Each structure stands twice: as structure tokens, then as C-alpha cells.
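You will see chain A twice below: alongside chain B first, and alongside chain C after that.
Here is the complex of A and B:
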């Protein structure tokens, strides 16, 4: 039961946090409102509160968006990124999940040392290994191919660690019961382990999606063909084009941002649960 | 050949000094209900897990239905198992949990449905069939685990402390259900428990283990009336058998506090010439209080009651005698209070004498 004083403090805190969230929302609101305006209106509204207010819907309300979606390859870039994300989510769950399972449940020599090495990899920044990745992919003749882009992205030490932390708390007797129910190890992994660990699967999927969606450096190194480009590179090539207006630039940025916001709002609960449950034993 | 044969089975974990299970030998006949009992760490669960194939057998040979199974995968041994923590599949409904094994065995769908319906009916799970394990009580979960075991028509049932997570009342009702299932299905059953009441009430034969070694195998009443050593005598029975340090000289038994009891001819004969220091054991119900009318019993001892336990159907009277705390079980009509003096005697035919060093029961040594 909260006392009157505690309630008052709570209200003050809520008010403060609302104000703070507005502070972070301003750029997003500004981007959204101006993405529907022609450049002249954007410039005119720049120094007033109207900069945060979208125009009254009329015939040209979606013009910036229509231009981007029809005159550029942006839809293609979005589709490419969604495809890469889907493939990497699937492969990432299988490969990192299996590695996490082995580290959690299978006894083999130096298991703990392996885990330590994988955890040490967490502190290595991607940028330091990207050159090596590039050289290997180039040597394998996989530059400018989907495979060349995807291969180095599959294994992720952080995801292995997340899976391992959740799998370690799975009861062993369920595996034993499954064995007596004629369920082999592979079937057990896909039909028991993954469904029993839905939260971490959701977390890893969202992290992988965000990683692929926001990645700029690696696809910019691997891809040269415009048919294979991702949304972020597409965004860069569209916005750096002299013919692109400010309104169109804001529209394309909005389009790139929307999936991230949708995914995060849909799965934020699972992400929090997934990350927090990795440190505790599930009941 | 017996249905299950343990031939000198041993289990030694890597890095351990001694065997967890040592030289385990026994034969189990078809349709028998065998209980493995013993305190924690006695090797009973390890032995069961070796039968299941979840633990490697490091020595000896194990035969099920005439086939050596040492190297055989668990699924090929023809066994079904019920686990202590149920081990249900949390993301599957009750009916899917029960039918999962059959599905993997490629049993036709209509037959799976028939078998699952049958199991659900006999286990009284009709209204829960579409629920997931998290929405079931402990007893319901255990029934689902039983259902999963019985639908597969396996020859051997292994049960690893299946009732230990249930409350006392539910445990009694599940005990009856398991016994009934065993009678109906006739599968050979090995049941591991640390609860001697479960073993006594359910099993055809009981195996008592201590530190990986079989202490005694026998029918429940054989173990109760003729324990081969002090450990078995103390483990079976509740309250446990009373033990006193005594010195036997000819037909006199001297207690550590100087009290003496004259031994009957029958008892002296049972001792077969053994004299000197030993442990005298007698069960609470074989201490006859207040001239209970049994002729062979001499009512010549006295004690003051220090505590009582009213059990409903009987009373337990605690008193100090011969330098030890003792308990006598009397009928519910034998009402006594703390501080009351009782006169009692030991039933000669139920007196046990154990070696102080080895714990062996002198009367059971052949």
C-alpha cells in the first residue's frame, strides 16, 4: 500500500519521465510531420511549432512517399533486407541455438573453456574482424553474392550466450522422457527445446532483425550490385542523390524506421524477458 | 531365465573412489512389482537409471526379456518411465503429451486417439485433456506422466520417486491408483522410493539398499519380521524399531542402566550360543504394555511416559528404558498421559539381536 507521499513522488516521476520521452520523441515527430510536406513548407515551418504538425491531408499528402516508392529501388532494398533478415533469423536460431545447446547440455572436453572463449569474443568489436571477413569472402569468390553477405553474419557469440543461458535451465528429465518417446536428438531440439524456449527465440530473432536492418558497414563492403543492396545502403544512395528533396529524404528515413519501431513495440516484452531470464533458473 | 536379470551390476562415476552401485545381483520375474528403497545416495535411482539406459553400466550384465541391454539405447529396451518431476512436455496439451510417443512410433492416428482416450479415461483426466501442464495440479501432472507411460504398452515400467512431490493425502490416493494400474496392466514394475510406507504397501518384493549395496531382498512382511541386519530393521517400520545396547549372559539380558530381563528358552535358542555385548531390537507394537493379556510376555519392566503421540488409530508412548529412548505402540483405547507409570514386557518371539560391529541379525544368520 502506497502512502500519500509515495503516491505524490510517483506522479512527479511519471511527469518527469513523460517530459523526458517527449524530448526523445521530438526528432521522430519532426521527421514524421515533415515527411508529408513539400520542401517549401518544411523551410517555412522550420522555426515554429508547425514543424511538428503534419499538413492537412490533401491530394499531395503522400507525394514524397509515392515518389520514393515508385521512382527509386527502395522497395527492392526493403524486400532484400527482409529476405536477408528472415534467412539470418532462421540460420541464426539453428546454428547459435545448437551451439548454445551443446555448451549447456552436452558433455565434451574443455566445454567450459569453449564457453569462456565465446564470451571473450563478445568484447571484440565487429569492425576489428570485418577486414578478415572481407578477405575470406573475397578469396572464396563470394563478393557481391547473398551467400557472401550472409555467411559471416550467422554465428553470433552474444546469441550463443543467450541460448546457452536459457538451455542450461531446461530439465534433463524432459530429454530422457523424450528419448523413451522415440524422439531423436535433432527432433528433440526442434520440437522440444526451441518451443520450450520461445522467449529467447523471440529475443534472438528481434536482435538479428535489428542487426540486419541497421547494418551498414558489412553490406556496403560486400555488395556492389544495386539489385542486392540493403535498406540502409539504399537510404544512403537515395538521400545522397542531388535530385532527392528534403521531404523525400525524410519519407525514406521514416520508411526505414517504421519496421524497427513496429518490431520493437511488438516484442519489447519478450526482449526484456529473454534477456533477464538468461540469468535465472526458470520455475 | 527371469524377465529382468541383474548380474553383478556396478556403477562407478569417473573420479569416484568407490562404486556408487556395487555388485547388484537380483532376478525380477514378469509382472512383479519391485520397490527399491533406501536413504538418499544409496544408489537406488542410479540402478533404475541403468535399467533405463540413462546411466552407463560400468560392470556386470543386465538382461531384459532375455536380451543383454548394457549397450542398448533407452528407446529399444521396451521400457516406459515415470519421473520424479513428471518431465512433461510443457508446450503440449495433456492429450498430446500422452500420445507423443505413439506418434513417434508411427502408430496410425485413429489408434493413437483410441489409446489416448483410454488412458485419459482410466486416469480421470477427461476434463483436462486440452490443458497444458502448467495449468494442472501436481497430482494431475503425475497422472499425465502415468498416462504417457501406459499407452505405449511397454513390458517394463520404471518409476523414479513418482509421488515424492505430492502432498500426503494425494500420495495415498495415487499409491492406490498405481497399484490398481499395475494389477490391470500386469507390466513388470520397478519403483524407486525413499518412503518405506510406499514400498511396503505397493511392492511384491522390496530391495533395500545402502551405500550402493543390497542389504536385503524380500516380501514386505519378510523384511519387517525378519530383517537381516540392524539397518533394515531400522529402515522398515514407523516408528522405527527400538534399539538398546545390552550384554547377554546365559539367559539374562543386561541393559546399560543396569536393568535386567530374563530371556525365555525360545530366545536363548534363537541366539544359538551368542553371548556378550550386542544390540537388542524390538518394534514398538511388540512391547506389550499393562498386561495386554499375552501369556508368553513377562510384564516385569516399569517406565515413566515422557511423551505421547495420538495417531487416531493407535497411540505411541515414549519412555526412557535401559539407557535409551523407546517407543511402544498401544491401541487407541490404551490412554496414557505424560508422567504415567507403565508396566510392560517384550514379546519374546519378536526380539531381535544384532551384532554391535556388523549389525547382523543373529537370529537370521544361517
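Here is the complex of A and C:
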């Protein structure tokens, strides 16, 4: 039980943190409130607390959002990104999952060496190879194609390692039983291994989604055609247009953020566990 | 059986291996090879082997030196603020008996927002007529140029990055704090230890491996600074927010000077690898001592 003094300290601490969180989130609150206002109102409200209060809903409440959704290619960009994310999640689970499984359970030549190499690859920052990716994709004539964008992003040493760590603790006897059975190794992987490892599949999917959705550099290099852009690059081309108002800019960035907020609220447990595990694994 | 295993192993590992070769091994070998040439991607026939010339030249190149120093400035501002801020926040939230869940979410929100979104938002916030200048005006501070001046652009972007990234390390520290054995604090309380003493003698030593990990990952993250200046300032004003990775990107994909860009990439990679090795040595060492200490106690 807390003593009286501890209770008082606790309330001061909680009060302080509440104030701090409001102060901390002021850019986000300002973004949300003003994405519903015309520019004149944004400027007029700037000097008072009204800057953080959304306007009274009326006929033009969603004006900025409607303009963005109807007058620009934005819906297309969002749909593109969702499609890329879905493809990369599927291919990523198959390619990295199979590799992780091989490294965990199949005794093939040089397995330990491969595992060591994969772990060493975790150190190499993407920036080292991104100009060469660009060169390879350009030479292959795949610039400005979906394939050119997706190919370098499928394989991920970190995800291979993550899958391997989980698969290694699966029981061996089930695998041996499946070998004797008519059920082949590939079928066994998809019908038994993956369903038994829902947590790691969910973690990898969520992080792949966030990665694809928020990525900026690679899509900005590969795509030049406005039909294929991802939401982040599309957002930049919309907001850098001189005809876009401040209110519309705030509406676009709010729209781009909505999917990640949804994912975060659905999978916050996986996300927090994923984040904490990066710490505990290394530390 | 052995044969079957190697066939099956390769069938399972093969797809990943092909992609790893194409998009990691080959690029790494090429980057290393190109770094000793004057490879110009628009005219590859004219490529010469130039030995270590690029490595000497980039450090004579004013722009690269400037981008290098800018990157160091980013690191020096971001690392203490982000690591220290995250640790203080985590300790405060860990002690709070109410609204814990809300705090964890509130301070984590900027982490899930993308760099492009955050940069675009803060461009509005930092604008001369923007909300930040208005708020500062109300407490009597005159209008600041922020990202529009060569003096303030870098610290402005650095502070925005701290704001965005801090929640991630806060969650890591919270996980660490929750793993500390409460009996340690109870014992200290019986000795009437002050809060500072508890922090110094229990919290910090228990969190040490985690602190090293956070310190190094934040340093590497700050070292990789690119998207924020790219969106907000284009590296300006007067190249004051131009970074190493920005230079690699422009030299390689805008000017097509792959030779030079590769040299820069190798120098950059060496820094990152050295930092990671230091981290591994420090955390391994600490873990070892940690175990010994526990063993002695028993």
C-alpha cells in the first residue's frame, strides 16, 4: 500500500506527466485540429487556444479531406502502398520463413556458417548498398516498375534470424513424423510450422507493413511515374505543389498516418514486444 | 538421408540465398570494388582503377567534409537528448501508479508516424508565421527563422528527430526497468538509501547493457540522418544540413559518380560497423561481469 506521502508524490508525478504529454503531442494535436479548417481560420486561430480545437462541424468540415481525396491521385497512392505491403508481407514470410526454417531444422551443408553470415549482415546499413540497388535495378531496366521496387525488399536478414530463433524451439518429433507421412516438407512448413508460429508471423507482418508504409528513400529512387508512387512519395508531391493549402497539407499527412495508427492500435502488443526484444536480445 | 537433407536445405534456403546474393553480397562487393575506381555510371567505358585516390580526395572535398561535420553535430545533439530523455521518461512512467497505459501510447505516437509526415508537419510548425513562433511570441520571444537559417536549421531538425524517436527507446528502457528485481530496491529501502543512491547503485548498473545498446543504436540512427533534411531543407540553407548519407545519395544517384559514392559508403559503413563492434564488446563484457556478480552473491 502507498503511504499518504507516496500518494501525494504519485499525483504530482502523474499530473506532471499528463501536462508533459500534452506539450509533447502539441504538433499532433495542432495537425488534427487544423486539418478541418480553411487557411484563413488556421491563421486567425493561431494566437489563441482555438489553434488546438477543431472547428464546429458544419458543411465545410471535411472540405480539405474531400479536396485531397477527389482532386489528387492520393487514393491511388494509398491503394498502391497497401498492395506493395501485402505482396511484400506474403513474399517476405515465405522467403525469410523458409530460410529461417532451413537454418533452424534442416542439417544442410554449411548451415552454421550461413547463420553466422546472416547475423553479420544485420550490421550492414541499407545506405551502404542503396546506390548499387539503384544501379542494378536501372541496368535491369526495372526503374519505375513494381517489380523493380519490390525485388530488393523481399529478403531481410533480420526476419530470417527472427524466424530461425522461433523455429529452433519447435519439437523435432512432429517434423520426423511428417517426414514418414505422405505430407511433404513444403506442405508441412505451410500447414504446420507457420500456423504453430503465429506470434512471429504477426510480428514480421506488422513490422514489414510499417516499414513499407513509412519508407521514403527507396520508393523515391525507383518511382518517377505518378501512377506507381507510394503514399509517402505521393504526399511529398502533393504538398510541394504551390496550389496545396496549409489545411490540405495537414489533411494529407493525417490521412497517411491513419493506417499506421490503426495497425498500432490493433497490434500494439506485438509492436511493444518487438521493440523490447531488440533491446533484450542485444542487451 | 544426408543427400536428401542438403537438397531440401538448399530448396528452402535457396530463394533467400539468391536474393541475398543479388541485393546484399553483390552490392557489397561492387561498392568495395567501385570505391577504388572513378566509375561514372553514365559512361562506364572510361572507368580506371585509381587505387586509394578517392579515399584521399573525399577528405579534401569541402562538401564531404562539411557533410561529415554536420553529421557529427547531429549525433552530438541527438544522442544525449534522446537517450537521456527516454531514460527519464521511462523512469517517471515506471513510477507513476496511474495512466501508465496512456503515457506509453502518448509518447510512442510520433514513432509510428513516418519521417516524411513528421518532416512535413514540422515544416509548418517551424514556419516564420507558424504555431511555434506564435507560441514563442506570447512569452515575448521574437520570431525565429528555424529551418530557414544556416545557424538554426541543424538544431531544429535534430530536436524534431529527438521528438520523433524518443518513444522507441522509452519502451526499451521501460522493459528493462520492469525486469529489475524489486527485492533490490526493498533492500536499499531498509538501509534508508536516498533516491539518488538507489538510481546510482541499482537502476543504472542493472540497466547498463541496455544503456549501451540504446546509446549505440541512437548514435547509428543519427549517423544515418537523411530524409528529414531531404524533405525539409534540401540539405540547406548553404549546405548546413547536408549529411554523409545525403552526399552518398546525391553523388551516386543524381550525379551517377558511383566510384566516389562507393568510397563515401565504405567510409560510412566502417563507422557503423566499428560502433556495432564496440557495442558488442561492451555489452558482452558487462553481461559477463553481471553473471559473475550474481554467482558470487549466491
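Operating definition for what follows: the second predicted complex is superposed on the first by the 243 of 283 C-alpha atoms of A that agree within 3 Å, B and C clash if a C-alpha of one lies under 4 Å from a C-alpha of the other, contacts with A are read in each partner's own complex, and residues count from 1 in each chain.
Note that in this section contacts are C-beta pairs under 8 Å (C-beta built on N, C-alpha and C of every residue); 3 or more make two chains touch, one makes a residue touch a chain.
Just so we're clear, the structure is a prediction, and the values are computed from it rather than from any experiment.
Colleague: Between chain B and chain C, which makes contact with more of the residues in chain A?
Modeller: C
Colleague: Going by the contact rule set out at the top, does A:116 touch chain B (first), chain C (second), both, or neither?
Modeller: Touch partners of A:116: none, neither chain B nor chain C.
Colleague: Which holds for A:171: it touches chain B only (first), chain C only (second), both, or neither?
Modeller: first
Colleague: Taking the superposition as given, does A:128 touch the first partner, chain B, the second, chain C, both, or neither?
Modeller: Once the two structures are laid over each other on A, A:128 reaches chain C alone.
Colleague: In the superposed arrangement, which partner chain does A:44 touch: chain B (first), chain C (second), both, or neither?
Modeller: The answer is neither, since A:44 touches no partner chain.
Colleague: Is A:196 in contact with chain B, with chain C, with both, or with neither (first, second, both, neither)?
Modeller: A:196: touches chain B, not chain C.
Colleague: Under the definition above, what is the set of chain B residues touching chain A in their complex?
Modeller: The touching residues are 52, 54, 73-75, 79-81, 83-85, 87-91, 100-101, 104-105, 148, 152.
Colleague: In the complex of these two chains, what residues of chain A are touching chain B?
Modeller: These residues of chain A touch chain B: 171, 173-174, 176-183, 187, 192, 195-196, 198.
Colleague: With touch defined as at the start, can you tell me which chain A residues reach chain C in the complex?
Modeller: Touching chain C: residues 2, 10, 13-14, 16-18, 21, 24-28, 30-31, 43, 46-47, 51, 94-96, 98-99, 101-103, 106-109, 111, 114, 121, 123-125, 127-136, 138, 151-152, 154-155, 157, 160, 185-186, 189, 210, 213-214, 216-217, 221, 232-233, 235-236, 239, 246, 249-250, 252-253, 256-257, 260-261, 263-264, 268, 271-272, 275-276, 278-280, 282-283 of chain A.
Colleague: Taking the complex as given, what residues does chain C use to touch chain A?
Modeller: Chain C residues touching chain A: 2, 5-6, 8-13, 15-17, 19-20, 22-24, 26-28, 30-31, 41, 92-93, 95-99, 102-110, 112-117, 120-122, 124-125, 129, 131, 134, 138, 163, 168, 171-172, 174-176, 179, 209-210, 212-214, 217, 220, 224, 226-227, 230-231, 245, 248-249, 252-253, 258, 261-262, 265-266, 268-269, 272-273, 276, 279, 283.
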